[in-house]
């Protein structure tokens, strides 16, 4: 086993990895940018070293600085977390060159699966379904034939497309005939490459993914699915396991498909195969994330397996001792991503100093936090400050408990997405498990009604606290200057 | 289901019950003594009412005050927590008279099982083993015969005994012959009743208990065992599940014995059957706790079942829908009871105001806390302020994670048993699972070696913070009076 | 008695007068008298007994702007101390209105230029911070009279972005 | 430069001198110079960079007595500010030593009476608080010269319990 691991990341994921190190008796090394000198991940580490100024390009993305620290402090392995260098195949290569173990897949598998086209090809080779599509289509007759094969509705798309241009939803053969020439003309006018093709249209699909874990001997196991359909601008914000629509048979078929793909790619360590699932519960390969994901705690809590510990063991050469049939979901788990952003102001970022922080506790609650009372949320990195992961014996219990836990948060100094989750988790479609990747934008388009309850109490509280601060001010501030200084501070 | 429940308790257990109420959509009512007006359980409630001055006899033990509040606020049920009125059969009777549901067993079962002699008799009726003992023994010949039947070592005990007098450990027949007359004489001299009897001696037994749950239809289910052998002055301080020595067969036999006893007694709701287990893994009925116990979260975390929710459902008349074979332990769970006491000063109580509080988080950690930053730990009640409950895939992982979690606590203003647990969880016998009810006092007799590491850093930190406070003091305090006032404050 | 005016996000305003003696507070909310028990825990936290419901409250203050977390819900308001009067700039419903950066960030895109007519809440430019892009909107209908930043420029918090009149 | 004397529970004492400029602290620990980065977070918490290891520290102070939580471990010490000298009572290794109640409680039992000879750490009386009974012990060997409380009596914190000389 390793004696020392460097964590090439920051925030909650760095804290997560450093906790795992401590639990495994491994020395944990943090790196930090200038603004992160007193960040939580730095405090959780056994050693910590600076790697550059605040902008990620000058610090957390500097492979050379990170490897230099690793060599200097004699770390035997590096955990990349997610984001930053986690999916850059040059990083495992550079680690290898430096004689340091990269805790993650090899560069080759990362390259193969990180590229959408080669990943899709690999998926097809092992019969993992992907969204049906045609090759280039030259004429209406062929289009008609292929559309029939794929099945309506289909999308008529420009090969070179982007930004929604040259993109048509086609519901029937009649529509295809109407739209064919218009679309062709539009594509020819918009792009150099006038090629169009057909792709099956999945109305309101679900995003469901499979966590896999592979050891160096090529043993691959899969975990129960996570559903992450609730997304805002393609960012997942609420994840759960099991999915409300997946039954044991579908779970097994998706799991086996994911495992086949990982095996074919010679994948090692933790990874996630993402699928879209349509209304008839057909699943289609979307892409593979060649790293540990933000939402991995959902799987840990629903299965009782610590993915971080296994990541480290596998990287150290241990074989996976878990049997596939031992990995079973129990109960239901939900994860809310708590961001430093203002849900009442178009989710604008809300960096700043956290004045007060109290996190929920009690049964079934796990908080993976990257901040503490007194710490700064810098503007330079992503806004995730904490993940609230909640277990319930049933989905209903997990939802009710999540609301209970959300109501226990006390954060002052920055704004967070907590009030938004308090509304979201009472939405009828969320309660019913009737999810899709389009649901969140639909919900956000509805006017966010804020009922008027509680404002009297809030005004009284604010007035009392203001009065108290004034009392002190009057007692202790003899001069006008003092008064202004106080105003600045508050 | 109930609309409103009153919680007749305080501290962490009241918080636990109120959280369950909120999760079940039930209004939770707190009661509080004068010193608890701003206590955490009061803040977690939807309504809160005063019931008297600080001493428990004048508040939390006042059935009349509590029932008056319950009637006034129209609570339909009362949860007693543990301690205070929880095992007083007059309370369920008074509740019934007031038309309020008592969330717990009926008064009759409580009486039957709360009395050690009738509980033991009931246990024997349903063939639940208890520690073998003779009736009164009149002469040496009979004593010899009975001792042989019971099996050496045995205890020779005065029926009227107490305080260790007239109590002899007898290892062999030869010793019995030597000690018989001496003991008889001593008993005759010490007590009015000169009767002696023999009881099997269990050297260094383990304390292992079975949680049961029974509904109003008489369906009884049992849960995987909890081992609570680590006790200080008969107070449990560390609990775990599963027990390191219990295998599935013993688990089933103990569970079935406990269920038989509960069924025979007409028991309802949650209860715990406590056993002593000897080195040969024989188990002996000790007593039954007719309430939810402090350590119930251990069972919740290892089985994924919420006992509080079931307590409420059963009291509301719901049937237990869980099948016995669904209730299986997964992984390993440990609980440390964090007390406001000073382990470096004979565990002296350490009440006071909590200045700073940061609780551990991350994977596998549950904190059931009764305090918050700014709250007071009063001298009037028991010193339990928080329970740290930790899950690991294995016992080893749970131990390592508990140590990690303990190291994350930041509590200032009072002293706690946290440093003691940091030593205890590294003790070789605790690590090996080689436990007994005598182990803790053995450990405490050994000199607590505190290695000298870290003091330099601690001195530097204290000096720096002192310097900072002085700086402010010098800047802001013009008079000698100010200076003294500051000294008082800190 | 301290007299304050509270402005809520729904546009309504209320007067509140408070007087505190030990842990007893006498309150006049829009003239209605209330008596509550109150304990301050620290700079940003207190406990209030609202006639039977005991709540802990977090109050975060930034100048006049107060954020109140109560019963797990977040309320925002501005408090005006009647002793000091209201600052002139705040009353400026008319005239030129300046919009400043609420946080440091990078100007990704300008959506409007000087001289353009804009509606209230219309996006004027896009600021990026914490990997997120955010439209900064016009606080009122009017004419853009100044744009003080350029695309690609990094701005500190408080930097003037544009003016509308 | 502020000069302090730190008394540790093992009986050893150390001198420490500190000087702080912004977030840089210059320290002399028993004469050995050290330079650390230091940031105070609030009244009881700070972060210190100890040459590569960044630690957050909780310091709780009650008069001279300091409790320091560092790296999950708890350290206790007394700090004496050299500017003020050491209080006379603290130096009193000889003479009468008074023992006061560290917390409020009830006197359950008196184990020794006036005139009895006691050893150091011998139990003198039993105080009960928080459902726990605790022996209050003699800080030194000597003769009990006064017992200021009775069995059954409730005492506030700081109340004189007994004297030994």
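Residue numbering begins at 1 within each chain, and the chains themselves are lettered A, B, C and D in the order written.
Following the convention adopted for this analysis, a contact is a pair of C-beta atoms (placed from the backbone, for glycine too) under 8 Å apart; a residue touches a chain by one contact, two chains touch by 3 or more.
As the structure is a computational prediction, the values presented were derived from the model and not from experiment.
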Handout entry: Chain hops separating chain C from chain B, counting only touching neighbours
Key = 1
Practice task
Count the C-beta pairs in contact for A-D and for B-D, then report the pair with the higher count.
Solution key: B-D
Problem - CA centroid of chain A to CA centroid of chain D, Å - result: 49
Problem - Averaged-CA centre spacing for the pair chain B and chain A, given as whole angstrom - result: 40
Practice task
State, to the nearest whole Å, the distance from the C-alpha centre of chain B to the C-alpha centre of chain D.
Solution key: 31
Fill in the blank from the handout: Multi-partner residues in chain C (2 or more other chains touched) are 45, 55-56
Practice task
Give me the residues of chain A that touch two or more other chains.
Solution key: 372-373, 407
Completion exercise
The answer for chain B against chain C in the complex is residues 30, 37-38, 42-43, 45-49, 372-374
Fill in the blank from the handout: Interface with chain D, chain B side, in the complex: residues 340-341, 344, 346-352, 355-356, 379-383, 406-413, 415, 418-419, 422, 450, 452, 454-471, 487, 490
Completion exercise
Residue positions on chain C within touch of chain A in the complex are 2, 4, 6, 8-10, 14, 16, 18, 20, 25, 27, 29, 34, 36, 38, 40, 43-46, 48, 50, 55-63, 66-77, 79, 81, 102-105, 129-132, 134-135
Handout entry: Of chain B, residues touching chain A in the complex
Key = 15-16, 19-20, 22-25, 297, 300-301, 304-306, 308-309, 330-331, 358-359, 361-369, 372-373, 391-393, 397, 400-401, 404, 407, 476
Completion exercise
Per the touch rule above, chain D residues touching chain A in the complex are 37, 39, 41-42, 45, 47, 49, 52-56
